[in-house]
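Note that the chains are named A, B and C in the order they appear, and that numbering of residues resets to 1 at the start of each chain.
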Amino acid sequence: MPPSLHAAVLTVSDSAFQGRRRDVSGPAVAEVLQSHGWTVVHTQIVADDMAVIAATFRELIGRRVEAIFSTGGTGISPRDVTPDATRKVITRELPGLPEQMRRTGSQSTPTAMLSRAVAGVAGNTIIINLPGSPQGAVDSLKSILPVLPHALDLIAGRTDHKP
Amino acid sequence: MPPSLHAAVLTVSDSAFQGRRRDVSGPAVAEVLQSHGWTVVHTQIVADDMAVIAATFRELIGRRVEAIFSTGGTGISPRDVTPDATRKVITRELPGLPEQMRRTGSQSTPTAMLSRAVAGVAGNTIIINLPGSPQGAVDSLKSILPVLPHALDLIAGRTDHKP
Amino acid sequence: MPPSLHAAVLTVSDSAFQGRRRDVSGPAVAEVLQSHGWTVVHTQIVADDMAVIAATFRELIGRRVEAIFSTGGTGISPRDVTPDATRKVITRELPGLPEQMRRTGSQSTPTAMLSRAVAGVAGNTIIINLPGSPQGAVDSLKSILPVLPHALDLIAGRTDHKP
């Protein structure tokens, strides 16, 4: 069994940050990760504020977590800025992951195609935007989680190209 | 029944603009919209000219239509510039809508995967590029039309995130 | 039967360039092209070096091949730079082709969704990034090859929009 990968889960939500509602999506994401053998080393709730989100991503990258999963702020209301904050931090975009999440999500929830979610690499860390609804976040996560260990091996240079 | 949404339909085509052929796609798009409860408040035909297309988008946004549907100019011949004009006007891209249109379209018409179509938000207006062929435009429109009322609610801040 | 289209095949791989392993993907891509009626006029192996890849693309565009197919360097390890080199050369991106290749590929190989492959137009030449594994390259190629003759007609202005 491979060594456990380390993840941070970042809930992006004005109302959860202000305590007006309970954060359900963050714990749901953490639970899926743990059940797949990941270690969740950090969870946090931040407001829908681009500078704050980007700064939090940068701090978590500095702690050398292997992946950061955000939930929330991927839509098109004016306060949704998680993808924009993500683009400020990543150096390489991975377009196939949001494509997969939107395609999978829209089979049960057509509005999943409105997601502006982004995924990409910053240093040796992968950042993945998940939607804000608990079900959407969990379904999106499950659709891409199986490829992440291989992706992290490649980023860290631990796997050579196969012939 | 919700209040009717207001749309503009913009046909982008040198030959239709010059009267060398009849515009079939614009009326076909308008008919689909009306049959789904939309009110088409403006239709127009413009040449494949980036500055003209962008200026027309801006004028229609000023009229506060909720969505602008263009048809034509999404391909890869040198005169196809509708996506480029759209990118000059929108402030946020919605990549999932073209993904959905290309995927749906390529099931019956493989060349649909060549579309460079863009969708995005400018102010409170959604702009969506549809392909130029009548069948392609209608099929693409139908594949994304169901999610637009929800999208417009979010843009206008009329819907809070669900818990 | 239409006149044969001319292609170049560019293998991007440090280890193949240095002779540490045999290039299997380049010949596999060339064979698929030939079996579909294309003429492969040039094959070359280069290292995973952004400047070299971009310069090679530019030289091949100057030779007026109709399409350049690269294989390799589309992943996320630090040396994978083929998509970045491609973006330096193309003037118009064709996002639907990588979408199709990732979707098709991920049905048999989930890690195909990690591909950062790009396709686009430079002058009258189409450049298409294929993955580095022989099977991945061949499967990706076959999923988009049927639309390329039409695409090249459009780029060269040989086909007017149908009414």
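For this structure, a couple of remarks:
Keep in mind that, in the parts below, a residue touches a chain if its C-beta (ideal position, glycine included) is under 8 Å from a C-beta of that chain, and two chains touch if they have at least 3 such contacts.
Predicted model only: the values in this text are computed from it and were never measured.
Its C-alpha atoms fitted onto chain C, chain A is found rotated by 120°, rounded in steps of 5.
The two sequence copies chain B and chain C touch through a face in which the numbers common to both fall below half of the numbers used overall. Measuring from the averaged C-alpha position of chain B to that of chain C gives a distance of 30 Å.
Residue positions of chain A touching 2 or more other chains: 99, 103.
By the touch criterion given at the top, residues 13, 15, 21-22, 24, 72, 75-78, 80, 98-99, 102-103, 106, 110-116, 132-133 of chain A touch chain B in their complex.
Every residue of chain A that touches chain C in the complex is listed here, in rising order: 92-97, 99-100, 103, 121, 144, 146-147, 150-151, 154-155, 157, 159-163.
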